[in-house]
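Letters are used for the chains, namely A, B, C and D, taken in the order the chains are written, and counting of residues starts over at 1 for each.
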Amino acid sequence: MTLPSILPDVALLALAALLLLAGLAGNEKSERLAFPAAIGGTALLFLLSLLVQPSPEKFLGCWSVTPAGLHFRQLFLFATLLVEAFARSYFRRGGDGKGPLERGSEFLATLHLVLLGAFAVVSVDNLLALFVGLELATIPLYCLVAWRAGDRRGGEAAVKYVVMGAGASCFDLFSFSYLYGLAGSLDFGAVATRVASIQDGSGSSGLLRVAVAALFAGVGFKLTIFPFQMWAPDVYEGAPTPVTLLLSVVSKSAAVAFLLVLMHGPLAPALAKTQELVLLLSALTMTVGNLGAIHQRHLRRFMAYSSVAQAGFILAALVGPADRATGAALFYLFVYAATNTLAFAVFAVAGEERGETFECLRGLSRRSPALAGILAVCMFSLAGIPPVAGFVGKFFLFSSAASAGHYLFVVFAALNGTLSLYYYLHVLREAYIVPEEEGKENGALRVDPLQKVLLGCLLLAVVLLGLLPQLSDFLSR
Amino acid sequence: MSSPLLLSAIWVVPLLAAFATLFLKRDDHLAVKLVHAVCHGGNLLLAISLLVSFLAETEGALPASGTVTQLHFAMDRIWIPALNIHYNVGVDGLSMLMILLTAMIIFAGVFASWGIRDRAREFFILLDLLVAGVYGTFMSFDLFALFLFYEVAVLPMYLLIGVWGTGRKEYSAMKLTLMLVAGSALLMGGILALYFGSHLQTFDLNVLSQYPFPRSFQRLFFPILFFGFGVLSAIFPFHTWSPDGHASAPTAVSMLHAGVLMKLGGYGILRVAMYVLPEGATEWFPWLILPIAVNVAYGPFVALRQRDLKYITAYSSVSHLGLVLLGLAVCTFTGIKGSAMQMISHGLLTGLFFALIGMIYGRTHTRNVDEMGGLMKRMPFLGVSFVLAGFAGLGLPGLSGFVAESTIFLGAFENPSAVVRGCTVVAILSIVTTAVYILRAANRMLHGPLPERFGTLTDAVWNERLAVIVLLIGLFGMGLFPGWIADALDGSVAPLFNNLVRAVVP
Amino acid sequence: MENAAALPFALRHVWIVLALPLLSFVLNGLWTCRKKESWSGPISTVLAGANWIFGTLCVWQWWKASAGLPGRSMVPWSFDWLTFGQLGTFRPLTAGIGALLDPISAMMVFVVATIAFFVHVYSIGYMREDPARGRFFPLLSLFAFAMLGLVLATNVFQMYVFWELVGVSSYQLIGFWYHKPSAVAASKKAFIVTRFADAFFLLGIVVLAWVVRSFDFSVLNSAAAAEALLRPVSFGFFEAPALPVAAALVFAGGWGKSAMFPLHIWLPDAMEGPTPVSSIIHSATMVVAGVFLSARMFPLFSAVPSVMGLIAFVGAFTAAFAAVVAIAQQDIKRILAFSTLSQIGYMLFALGAAAVCGGGVLVAGYSASMFHVFTHAFFKCLLFLVAGSVIHVAGNNMLSCMGGLRTKMPLTYLSALAATLAISGIPPFSGFWSKDEIVASAFQAGHPVLGTVGLLVGALTAFYMFRFFFLIFHGEARSDRSHAHEDRWMTFPIVCLAIPSLCAGILAKPLFESAFRPRLLPWVQAVEGTHAAFVPVAATLLALLGAVAAWFLYCGPKADVARALDAEHRPAWYRLVYRKFCIDEIWLFVVRRILFERVAAPIKWFDRKIVDGAMNLVGKSVVLAGWCVNALQNGSLATALAFAAGGFILVWLLAGNLFP
Amino acid sequence: MTGFSLSAVLVLAALLFAVGLYGLLSRRNLIGMLLCVELMLNAANVNLVAFARFESGDPASGALLSVFSIAIAGAEMAVALAILVAMHRRRRTLDADELNELQG
């Protein structure tokens, strides 16, 4: 019996509601059950999404499960599963010195609402639903970032995130209003036909220009594209680590989905023009991200710049034709999710007592060689060095860009990859080369069972994805 | 005994060794080394058996008149359907010999690094990764697989030099890694250009080489591929990583890197740049020969002024690699064959040099040539081997250096253009400066009065002798009986040359 | 190559001549590794003796077998060693290893085998107490193997291979006592100077191979090759016809190896090695390699008058220069070294002068040069062996510690007398016949100036040889003679070699005149010509004059021996001659000041500072840019928003020129 | 009510948006900045309504989007103000320039 394609979405809504109710119940038992339930639920949903087949039928007039949309759902669920697994052990171990998580189930409920918003972005076919979906994927994030607004840095980060986010959503709405003005209707198809007619020269493209600019401003914030990424380092550092991971993985994937949906949806006729814009922004973003990361000493801030640079690389893929770009971006986001979670897991374990700075990694190879090995695999995957998955992922990104004929841009991007290798190797320098100060060579670090499982699975995923990338064929079918 | 699976086994065995090492205890150094001695010994035997069956197969074969390389032990499986990437593995004369060279050097390398104590497991795992990458590059005929193995070979360098190196190890490690990865960044662009530029949607080298790329495309992408690969074989402006990198690297790593990795560059140029873009080659080489000639003549002069033994050897590698590139740049059959032979001969030669320097450094704890003297009396075995390596370096007949150099010079002279002829004359006359700095180093270190603080030095122990003897056998084997190597290389250079000739006069 | 079956046994297995010394090298080398030095002396001597016998047998069978062959040359054995170039527009080029037996190579085989055997016997005595003798004998056999290989070479590539091996074995043997810094420096100098010349030799080979497409001497010396070489060839820096340039380059190889004038500096220093080494390498065999090469390529060289002129001039000048310098030397081995230089100058100038000034080639010149090579080998080797014995007794090389050894070493004294008479060219001894031939051929070929130089140098030779003889054996003893004795092992070869020094001239003269006729190119006509009668008489008179003058200055009643031996308080010209006209210092200046300071140092600076600096600059600028990006991130919300707004405007402008 | 054309309204909305943007950049007080964000949102709403009124083929959806945006703006401001309150309780300030502890 074929499962209805909408099942994962409805189940997600039910899960979110259930968690919210558990939160309201507020007794101690429900708190303890919140995390296992959430992780189990998400895992179930992920399996469900693997089984479900995409179908063209439309629910509620605008919601449909397209093949690409289904893959993005799987990506979001996979990433959220990793975030929750990471959060579980992170908070139980007194997350970065600020004590265990209060109101766990509410935290998870909000998390799932973000997920729902991301689902909406990839399923709808009109501007209104798209705007609502986007906002649903962003506003709960403000709450998550502000979960620990109590302490000085958390509060500051939350404020910055909120103000920037609000500004970005204004730009989004502004661009939608002009698109609506152009097409007279919110439906993607109508907008596309109007844009096509403008492309053929029958009407001033003034409004279209502002709309595209405002659109890129909006999505730029969420995807940390160059001029709009100034908030990222501060928020990544201020927010609790699981939320930082969430920002760098789920929020970024949602933004990529949003951009893909728009570029190949309503703005499809002007694809050549938007791709040139994307090309330039990608070059700028990856360069600024790489340059910024060179002198970082705080791990989360380092990961912020790294994620800005990775955003630049992913944008490079968007320059290619639709199917190749989506396939490449999806594969790379899967690899990026796995690698980033692995990195944050290692930083969490290493940085438990000494704080998440470069010093905490010092002499890691002597204290626990296994963890150092995992860190090495992680860094090489982020830098895009074979035999780990990052290389194949980057190769797909560059092949998508090259298929559009931008060979010299590929060379520039690869050189930027070399620049990124420079600071990723700095992390390994701390772990392997910089000698431990005397008296500090204490024993191996405590790693509890869930973290061991998480580290093991992710390590397998990152290494195997590199060597037998059947997953990439699965995506580009 | 010559099934393709055995060929793939060659790069799998080191990975198995690495995997096995994961399960050994941290302070169980001997077990780690034994595992690796067995694995790489087995690999060496496997390589030799493959070579024997390869020679049997190509016994009387006349060199091919076609332009497609015949592969032996070939295997072709689909790997990533999305980009039509195949695991296309095969061996021709040059690849087979380079695999044998790598097997010999890693076997000697394992024994040369018998004294590694600090984090031995990680050292040997990274070494295995390095060697697996090198094996893979030499045997794969799919551009993507070649590029993947090529970068795997570059990956462990940073940690190997950074952790176990000496001197300014961090600076050299970072410089070496960044320059090599920057080189491969150029390759990333070049390879994708070949894939998409040819509209054939394939990475298979033999297929790509038959596609008539437009002249303007070739004029743009040949230098990109050439300098992408050239950085690794220390082409003139980008050679500065080689002295620092080799000087700071531990023995086995500098053996492997100078001995084999630098040949990957030359091999890549030969296998990819010249084979797929012949018009680009014939158009660019008359200009590229100038930095190459600088390479050849320039290395010895700088080596003359060096005090540190490893710097001297590193600059000698720069000069010898210049000869390899000279052999390629002249685009004549003998020249290309000579450069292939020089790759093999220089591999053995530099491997032996760095092994000996490592062993001598292990005893005297100094690599400054002026502080040492009269070591021949205390370490006759190492002294004689160093002198033999030196003579192989300056091209003494009976050793591998001479055979390769004379082939290159004869080949280079066949190119009638004045610029090339001038560079060839300079290259031939540079054998004098090569002799000068090698003898200076050998004499300063081995002969003359023995300082008293070296009075109690011991000669080589069993594992060092084994390492040196394996490489000496290689040097004498190629030097005394070059016939079989020349015939094996004919088979692999002929298609490339026919391709070049076809390009010049289409 | 003739069908192997018909050849007699020795010729069929000519390779044994090479195999025996190689076997001795390998055997002794291994033996020494296992610390049994005492065995290496006898083993290598036995093998050298066997090689001598087998070599003579080969020469004898070759003489009989090659009666009918043109130029008496045959290649009984050879195999393809290395092929260059299977395809392409150029015919495949193969280098083979083999044995070419013809008059000059047979003569050299006999000479090398004989001298090698006698030096081995001599070394057993000379090296008895030296702890490193286990290393000496293998190297000596390696040298014998290399020299025989060079002599038997069928093609110029094989000659180059063994040429280098000879160079290396001489490097090892000169630097045998490697704890002595002077020996190490001398060996390095010898190898580098010969290597410098070999580079030009290799270039010559490459040019010949490219034009003629073959290495074999038979092909190189053919008419076809000569025509092919006349075509101009570009050498990158200049364009020139290949023949003269290639011939000059090939001769340059011999120039370095035979230590001709500017490149002679390494031979006197090569005396740092043990005396048996000097006796075999720096007297009879290696230094003659240059002459042998010129003789081997004679047909090609003779087609190029300019090169012949160059050979003649270089030979003559070196002969004169070396003779003058030899007069003032105090170290007996240096005297003999300069005398060797002078005699080799004779041989080369004989070859050079064979080119008759009106065109055509005088056959007598070629045979005279070869005859002198033959005779010189024996008496010069004998002189070095004598010097060895004397040094063994006196403790060092300087004349000031010798004298009056006549009574203590009678046999050595008599042999030395024979050799001195021979080398001075006093009739009826061997030197007279060969040197007189050379001078006569010079006059015959119409070079009176060269002829007179030959005569004068003959006189100088007699003078310094008798000075050497009288100051060693006559006069009163200048150091204690308590333990002076004649070692049996060392005296036996001395006496044996005295015989050929005396009678080799007379016996071999007819043989050389008949057998040694060069096979010239068709358009070069051979000139027969008769002797100028006055030359033998003049030569003998001058030789006697030299001898008497030496007797008068150093041995006669009024001889002031003390003044003769102290080189410091002498007039300026004498001190200049004593310091070998400071050629060494000039070379040292050129190499050290110019090559090292002015060339190598700037290149090293350029490499470290400019090229390396550029790479580091790129690195630093990237790091600086990173710092700027971080500085921009000052954490204030306003800047973030400002950037966002600026970005919006930027994208809007960009979109402006993108969209129509 | 008639008499002004579409472009006039568009200009008004653009001006409103510009004022809001300028306010966002220049004001130091966080509450003030949120006010300006509201201004920009409403400028977009004016746009929507104008387009719905003047030329849209399907006026209902335009109006619908503006209503939705007002609701979403409400939610957003609720969350933003909650965060400001929480931050104020700790940092005792609402001045944007003092929030520069996270930098570099």
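Here is the rule we go by: a contact is a pair of C-beta atoms (placed from the backbone, for glycine too) under 8 Å apart; a residue touches a chain by one contact, two chains touch by 3 or more.
All figures in this text were calculated on a predicted structure; none of them were measured in a lab.
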Please indicate the chain closest to the centre of the assembly, with centres calculated from CA atoms only. B
With chain centres taken as the means of their Cα atoms, state the distance from chain A to chain C in Å. 77
Once you find the CA centre of chain B and the CA centre of chain D, what distance in Å lies between them? 65
Give, as an integer number of Å, the spacing between the C-alpha centres of chain B and chain A. 42
Would you mind pulling out the distance in Å between where the CA atoms of chain C average out and where those of chain D do? 97
Name the residues of chain A that each touch 2 or more other chains. 159-160, 163, 167, 233-234, 295-296, 422
At least two partner chains per residue is the criterion; list those residues in chain C. 630, 633, 635, 637, 641
Could you say which residues in chain D touch two or more other chains, in rising order? 24, 33, 96, 99, 101-104
Could you list each pair of chains that touch, in label order? A-B, A-C, A-D, B-C, C-D
Could you list, by residue number, the parts of chain A that touch chain C in their complex? 159-160, 163-164, 167-168, 171, 198-199, 201, 205, 208-210, 212-214, 216-217, 220-221, 226-228, 230-231, 233-234, 270, 273, 276-277, 280-281, 288, 290-296, 419, 422
Show me the residue ranges of chain A that touch chain D in the complex, using the header's touch definition. 126-128, 131-132, 135, 139, 142-143, 146, 149-153, 155-160, 162-163, 165-167, 169-170, 173-174, 176-178, 180-181, 184-187, 190, 233-234, 237-238, 295-296, 301
Using the touch definition up top, name the residues of chain B that touch chain C in the complex. 63, 175, 178-179, 237, 239-241, 298, 301-302, 304-306, 332-334, 337-338, 374, 376-377, 391, 394-398, 402-403, 406-407, 409-411, 413-414, 416, 418-426, 428-429, 431-432, 435-436, 439-440, 443, 446-450, 482-483, 486-487, 490, 494, 497-498, 501
Residues of chain D touching chain A in the complex: 10, 13, 17, 20, 24, 30, 33-34, 37, 40-41, 43-45, 47-48, 50-51, 55-58, 61-62, 64-65, 68-69, 72, 75-76, 79-80, 82-84, 86-87, 89-91, 96, 99, 101-104
State the interface residues of chain B toward chain A in the complex, per the touch definition above. 26, 80-83, 119, 121-122, 129, 144, 148-149, 151-152, 154-155, 158-159, 162-163, 169-170, 174, 177-178, 181-182, 184-186, 188-190, 192-193, 195-197, 221, 224
